[in-house]
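Look at the two complexes coming up: chain A is in both, with chain B in one and chain C in the other.
And then the complex of A and B:
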């Protein structure tokens, strides 16, 4: 594991319609890590990813990725899962791939071929014909086919079956380059616990903890029970 | 491989490989699978596998051939020691369990002898 800093967030504040979504977020993330971003629904996980990726603007504070603070430059160093809502339901998957190749100069067609085969994605299908699991596999394959430093996977395991989850986890292990960092958001952690370097927990509108998975396990606690213990006595 | 959730995973992989070697699944001088292969097989992070291999390297159970990967030591004495450690570990667990059942060392040996006798009579393996 190299420990060069890849992402640094300082004094980040974000409001939407006068409501505080994130407050005083500070974060430092190195290259080559696999990180879970945990938190309840509505905790601000997706918002944080959207801020990092430059989609959500008008925040206060600094976000620096691979030495760049400007949103446009940051965008060339990261790939975030896109729920594909911008495509027509009748779009053929082939056309979506063509679109990705055109729009992203870092799109690696060879890698996509491998991922597509590994995930058994049929490109002649239409978007509307995909099951939830198949759609998520396509989203991950498209995201991972870009060659960049940081991958942001927004709840890739939400509502999909165990076999598909396993397939996605395996594709992460197989195709992740040594220096790239992956942040996976989720609200539970069991299926990815074994592949994690770090855990970041968003709670009370900020980064509540950022801890290595080994640290948690060394205290003879599973990541799951550690996470749950933070919510004990609430509600 | 199923991981326990109360011990760092690199330590569990270290133990697992240590066991594979002590049991002779990997022979002296054998190349062990690549880091990525192990990561995929065990469904763990590459960093975690590397951490475990590094520790086995420090203990001289494995050694690195540059550009070729990790190999099992050819130091048979060290491997015999590795095996003995595993055996001692098991005995330690067993004897402390027997002690908890209030069996003296004498009685434990006697119980063990009886167990083997009965097993042999049944024609078990």
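And then the complex of A and C:
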């Protein structure tokens, strides 16, 4: 784990449909970390990732990744899990891989081959033939096949079985380079608790806390118990 | 590294090429079906039947491709998959529009080949029987006796028509992007409960406003033409339409780019 600053967010505000989604978000993240981005449904985790990746627009404040504030340049330094909605359901997985190879110059074909074998992905299948778990494995494999500074995994464990979850966590450990940072958003941390360096919690439309996993474990039994303690008495 | 325009263009065209092939496939099927129906109904001479059938389906197939590609442009510009690609909104927009134009040119090329193929029976019939080039009630043999001036006018009109078709296709592409992006942006600024309704109303209002502007701009151009600025001996009306469409294409494209760059989010 290194400490060079990779991502800096200052005074970020974002409104949509006349609702404040994020307010006065300030965040600083270094290189080489594995970070959990936690929060309830609708807390703004996905929105924050979409702003970092340059997909969400019309926000106020600054987002600087690897020294770049411009969206196009930020996109060259990050890989975000994409639900692949830009492809036709009849698209063959092979064609999707070709698309990634062509449009992302940092796409590592050898790494994808390894990930594909590790995740048991059959490229002759069509997108419509994939189960939720298979689709998630493909998304993670495509994301990790890029060689970037920052990986944004938006709820990669949503609705998938224990075996697939284990495979995804193992792939994170196996293919993460020392300098790259991974942010994983989720409602739960059970799957990734053991590999986390930091925890960021989004609550009340802002970054409620950004703390190291070691610090949490000094005072609490587990990251889950710490996270749950933040919501005690709210129900 | 940021993506080159060529790569982006290639990938988008690859998607659209499938629709071009399906369009020409539909045209071939439509020609065959129509020809069979016409032969059974004795609607035309057997030699002319394939050519009439392919001509009849030509515009329907072009319209099919026009709206399919317009829909696909919106899907590309609105999807997170494409918006995550390290490229500016401007490059993505122009790639979408240019690939749409190239797809159309490609379809026209394939339609031309198919047209020549369906013309063969008619050509054989005319050349072996020494008949006149009567097709759909018009004597095309008079084309061979045109004077140099008449040929020049004919070619000019054909170029104008091609330009109008081309600019009209671009107009449909940029307008459909405008309607979609504008309604998306407006709906992002209203409460969630009114999002869908706002999207529909804003789309309708925009289409009405644009039609009104086109009508108004057209009248302005006619006034200009009457004062002699645009007047020429031939095809004044066509040049007005060309300039009107060109101005419309440029203005709507600029608005599209502004909305895409500042407000439209990939979903």
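Simple rule for what comes next: the second predicted complex is superposed on the first by the 234 of 235 C-alpha atoms of A that agree within 3 Å, B and C clash if a C-alpha of one lies under 4 Å from a C-alpha of the other, contacts with A are read in each partner's own complex, and residues count from 1 in each chain.
The rule is simple: contacts are C-beta pairs under 8 Å (C-beta built on N, C-alpha and C of every residue); 3 or more make two chains touch, one makes a residue touch a chain.
Bear in mind the structure is a predicted one, so any value in this text is a computation, not a measurement.
Asks: Report for A:42: first if it touches chain B alone, second if chain C alone, otherwise both or neither.
Replies: Neither partner.
Asks: Where does A:174 make contact in the superposed view: on chain B (first), on chain C (second), on both, or on neither?
Replies: The first partner, chain B, only.
Asks: Between chain B and chain C, whom does A:67 touch in the aligned arrangement: first, second, both, or neither?
Replies: neither
Asks: For A:222, select first, second, both or neither according to whether it touches chain B, chain C, the two together, or no partner.
Replies: first
Asks: Answer with first, second, both or neither: which of chain B and chain C does A:103 touch in the superposed model?
Replies: second
Asks: Which of the residues in chain C end up touching chain A in this complex?
Replies: 1-3, 7-8, 10-11, 15, 75-76, 79-88, 187-192, 195, 262-267
Asks: Would you mind writing out the residues of chain A in touch with chain C in their complex?
Replies: Residue positions touching the partner: 16-19, 50, 53-58, 72-73, 75-76, 80, 82-88, 99, 102-106.
Asks: Going by the contact rule at the top, pick out the chain A residues touching chain B in the complex.
Replies: Per the stated touch rule, the residues are 1, 32-34, 166, 169-170, 173-174, 176, 178, 193-197, 213-214, 217-218, 220-225.
Asks: Under the stated contact criterion, what part of chain B meets chain A in this complex?
Replies: 3, 5-10, 36, 39-40, 42-48, 50-51
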